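Okay, so chain A shows up in both of these, paired with chain B first and chain C after.
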Partner chain A sequence: MNESTLRALLLTGFLVLIIIYFTTRDSAFLSRENGLNILVNASVIGIVSLGQVLTIISGGFDLSVSGTVPLGSVVFAILVNRGWGILPAVGGVLAVGAVCGLVNGLLVAKVNINPLIATLGTLSVTGGIALTIADGLQIPFSDPNAGVLAEQSLFGVNNHVWILIALSIAIFLVLRYTVFGRYLYAVGGNREAARLGGIRVSAVTTGVYVSSAMLASLAGAVLASQLLTGSGTVGTGSALLSIAAVILGGASLAGGVGGVPGTLIGVLILGTLANGMAIISVPAFYQTIATGLVLLLAVGVSQARRLRLGI
Partner chain B sequence: MVEPLLAIDGLAKQYGHHRVLEGVSFTLEAGETAALIGENGAGKSTLAKVLAGAVRPDDGKICIDGKEVSFATPREALTHGIAFIPQELVYVPNLSVAENIVLGRWPRRAGMTSPAWALRQAASEARRFGFQLPLDRQMMALSLAQQQMVEILKAVARNSRIIVLDEPTAALNSEDSQQLLDLMSGLATSGVGVIYISHRLDEVFRACRTVHVLRNGRLVHSSAVSDTNPKDIIRHMLGRSIDEVIVPKERFDGSTKVLELEDWERSASPPLRRVSLAVYEGEIVGLYGVRGAGAETIAETLGGLHPDVRGRTTVAGHALHALRHPVASRRAGIAYVPADRKSQGLVLTLSVQQSFSLLVMRALSRFGVIAGRQEGATARRLASEVRLRARGLGQMVGELSGGNQQKVLVGSRLASTPNVLVLQEPTRGVDVGARLEIHRLLRQLAKDGTGALLVTSDIEEATILSDRLLILRDGAIVHEIHQPTLSSQAEALHAAGGLD
Partner chain C sequence: MHRPVQFVTTVSTAILLAATAACGNSVDTSTAGKTSGGTSSTFKISFSNYTEAAPLFRVIHTNLDKAIKDKGADVKVKWYDNAGDPAKMLQNAQLMVADKPDAIVIYPVSSATLGVGKVLGDSKIPCVSVNLDTAACHFLNINNRALGEGTAKVIGDIVKQRGWNATNTTVLIGQNAAAGEQVNDCVRYFYTTIAPMLGLDVVDAASITAKTTKIGANAIQFDGVSQLQPSFEAVKNLLPSIPKGNNIILYTVNNDSTNGALRALVDAGRGDKAKLVIGGLGGDEAGIKALRNDPRWLAEGDIFVSWWGEYAVAMAQALAKGKTPPNQVTALPQIILDKQTVDQYHKAGSADVKLLPKLDPSNEYLRDGGFLQVVGNIAGL
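Presenting the complex of A and B:
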């Protein structure tokens, strides 16, 4: 059994343990309704994490999602309130995301700024723009039907979850079967070797940051339709949560390692934890502590294994 | 009788089954400059690292002033008075020169120190030993020659009595080299014992008193420089050939040029001076020279790594606009195999199949989607062409042996059926069996018509593989050997070492 399969099994086992624990504390936890609840809530971070895993595989990471998500939510709310249909509004949101991603890509690939600093900078800018556009306030949907995506469901599963599933499959296929995906693993695994082999590392890097920002922006739109409000203050924890989920799922910050299945399990673990703690009425700040501890534990165990195997 | 400054007796070191050093013994007097010579892999660096305290020997004694010593860490070696200046200098680039000089010797006064103190201390030491250095500038702003001076001053300021220098002039021009050699004699005059590791026989004969020759981990010759001559030294270095089957060369008679360089010039270090050469179809042209002579620079430029090189380049009849970037190099039909497979050539986390196909993804995909079956077929073909030994095409490259990794690297470059192959150190760190197979592969490629430019620091390999061997020195081609044989090694080493 190889390393990544073992890891996936361990993570799933961990998830099962968490579920069992919370069920023993409150049987209401283990219900179809709650399960769907977890999925719907997780879909926002899930979408962001799909973009984050791309950047992390390529050897960087994207902190600016904490600003792009609220920006996406605000832009979506504004466009919908102006009478734009859902699809055009989503298109507008994606366009905004693409611009943010382009800026990130240029800063990292051409100006050669460290991804940490570059995306930290764009985080402040996009977050600031989100707050400015919304005048620091919320932008409620003038027509509650615009949140229609959140209300509708297919086969009893909320549309937002289907969006997450569809995107997960798409990103999985990109990573496994496309040239771009292959280049991501190459650039993340050894940037210099990729460059010397004639791969256009700048183009790949820019593409990855554009993808990440577009997904984050889309997640913002999804979040807005769940809250029926666009706001510059929601989704500001997206960066840390998505990075935690991706690393929990087995990706390496050094790059070259990672995938969709692990990321989804990471997202589920974090989402289940948050939900469970809310159900047993753990105060909010304990939840943050618990999330951090879980991340450290999981990564610690994984690193210890890697050290022992000499990887 | 006065005990020698340094006495090594029966030093041995083994890595796995490989005996890197065996029964090495010699002495060094105060004020003596001893040269340590040997081919790559002969054990020079390991010996230097043992003296520096970076590597523990498996056997043998080290005595300083007659007293046996052992070092667990480099710091202990320093305390005993041995300073090692490696080929790749180790310093803190963003600190000032003065701070680098006093590194590790800051005063233990309430944990506080000051740049002013460092400046004063460094200045007084520089004065004492007669060094002229810009003490307040950042280390990284200095030239390589100056940086080496700083390293040497660091060593002397610590009252090091034995200084080991590893190929210090490798990347220096002749002026700076002479300055360094003068500095070395100055050190010797003041009673320091110097061990000078080098490939440059001319410098050895000019500046050293004694010479020790290592071959395959054993010390095969020790004498005063005045008692020997370069021919003898070379003979000791090469000794009897390793008993290995030499792949026969076909007589090539191609007339089409696949690669032509005309008047290449480079002013940055290491420089190139009016280099012109041609590679014909079906020919393997070898480039050999000491480090910094220009051989690896030419290869790297063909790989797109030195956009500052001026001159004309023609590949398969097409004149190239410029080789500014590896992408341009690949587009021109040049397949470049870099020197360091781990850091420059391979993505160790990819599988064998993925590595083989990495450079030709465009040809193996439609609208951005990888054609799995085609990729598999390509990988299988290349794996058999290079005679790869792996558990399967899905095995991670990082798990393969050095020789097999090298085969994957070379194979990945062949995937695009290039016009010309440019290889650097194709069998570095590769076992004898894999080395032979790679040599066979290259000769087969030559027979099939692919031209190759080969840069290697292994003189034996250069003579085995090349149809024509060009010797470089100080950035220019100084000698050409047609159809070299094993016995051409002496001739090549002569030309590369600057002896007439």
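Presenting the complex of A and C:
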């Protein structure tokens, strides 16, 4: 059994333990309705995390998602209020995300700015643009039917959960079975070796940041659909949460390691913790502490195992 | 790098930093009066707002600027944005003191104001603290407890007639745990007032704290952080804790939080007008519109936030003239509106304020500054 499979199994086991714990504390936890609640709340961070895992595999990370998510929500609200159909509005949101990601990619790949600094800068810019476009106001949907991304559809599951599932499958296949995926792991594993091996490192890096920002922007549209409101203040915690989910899922900040299954499990662990603690009435302050401790514990165990095995 | 280049770079950077600090943190400057740029008689205020990012607070800035401009008041306001961040609030306090204005107005972002209070107190500049207390400043505030109690009475009377009681009702209150006791008084006293009306478990308000999540058998307190998305997520997560079939009474610290919670309830199919009632707080556009149009929205604690700047300026002027406030807290305007009274205070079809309530004994002295009379929108002035 290889390392990543073992890691995924351990994480899944950890998730199951959490579920068992909360179920024993309050039977209301284990229900279809509550399961859907967890998926609904987790899907926004899930979509952001799918982009974040790409950047982390490449050896960087993307803090700017905390500005791109609110920007996506504001742009989506404005477009649907102007009468754009849902698909064109989503297209507009993805285009905005692509531009943001292109800037990030060029700053990191061409100008050679450290991803922390580059994306920290673009975080302020995109977040500020979101607030400026919205003029500090919230933008309610003039037509509640425009919130179709958040409506329930097949089997009573919300559309954005299906979107998350579809995106997860697509990105998993790209990472596992395409040339781009192999290049991405190579770049993350050893940038210089990848370059010497003929891989266009700049193109791969830029592509990764474009993908991340597009997914963050889409997550903003989903969030706006949930709230039926676009706002420059939503999703501002997305960067840290998505990085936490990806690292919890087994990715390495050094790059070259990580994948979709682990990321999704990381997202579910964080979402389940938040949900379970709310159901068993843990005060909000303690929830923050507990989430951090669980993250440290899970990552610590994984890291200790790596050190022991000399990986 | 060669040493001369290093030296030039260092000096240039230092000059740039000094110039940036001198320009300060201000967002905007408004001035109006017979002389553009102000005269020696122009009353200068430095005003740090809670945040410019949320409409609830931004309107304080825009409305005051407009009133000063429209009425030609000889007042100059320099604005600062606390951005909801205590560290930023402290930095702004230092910058405002450096402005040497005639008075300072601060809208604190949390109850952690000791450091800010020291900075402002040492400056000896008359200072007004809005909505949250700051040591060394005079306090201008709404009465959060009265808002909660008044809203509970309006809603309690209505739902009692519908037969809502401890066997079929859940009270859902949304606090902002980090905002301190004063801000959360509204939700605490809402519960303690409505509980005996409906036969719910009666508890002491002091027992409902920032860490409280369940109150008796029929009430749940969540932390919505006064914002839309966190409230949505918080209520979404605790939906299984609300017994199916129960009526729900929803009340939070502001309408952003209420709307987030409402969205989660509607999403879960718990938004039926026969099973859900809402008490709003804020008197903002969303709340006034909902009070008029949404059958679930029964009451609105109107605190006329858009006109807080007017009262802050009036208080600042009174303090600068040497006036001592008669009470520890000077009252901001507030009233509990219901569907019958909303149009007495707001123009038909809009949330624009027609008239503000009369001054009361605690804020009667504000007329001495003269600014209220210039703006001219308070009953009796």
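Throughout what follows, the second predicted complex is superposed on the first by the 310 of 311 C-alpha atoms of A that agree within 3 Å, B and C clash if a C-alpha of one lies under 4 Å from a C-alpha of the other, contacts with A are read in each partner's own complex, and residues count from 1 in each chain.
Basically, contacts are C-beta pairs under 8 Å (C-beta built on N, C-alpha and C of every residue); 3 or more make two chains touch, one makes a residue touch a chain.
None of the values given here were measured: they were computed from a predicted structure.
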Fit or clash - chain C, chain B, common chain A: fit
Which of chain B and chain C A:Y177 touches, first, second, both or neither: first
Contacts of A:N41 with chain B and chain C, given as first, second, both or neither: second
Partner chain(s) touched by A:G232 [first = chain B, second = chain C, both, neither]: second
First (chain B), second (chain C), both or neither touched by A:V222: neither
Which superposed partner A:L167 touches (first chain B, second chain C, both, neither): neither
First (chain B), second (chain C), both or neither touched by A:E192: first
Broader residue contact with chain A after superposition on the shared chain, chain B or chain C: C
Nearest Cα pair across chain B and chain C, whole Å: 6
Chain A residues within the chain B interface of the complex: 177-180, 182-183, 185-186, 189-190, 192-200, 256-257
Parts of chain B lying in touch with chain A, wherever the complex brings them together: 303-305, 326-327, 329-331, 336, 338, 343-350, 354, 358-359, 361-362, 365, 368-370, 372, 412
Chain C partner contacts - residues on chain A that touch it in the complex: 26, 28-29, 31, 33-34, 37, 40-41, 131, 136-138, 140, 150, 223, 226-229, 231-235, 274-275, 278-279, 281-286
Parts of chain C lying in touch with chain A, wherever the complex brings them together: 52-55, 58, 177, 210-214, 220, 222-223, 227-229, 232-234, 236-241, 256, 259-260, 263, 267-268, 286
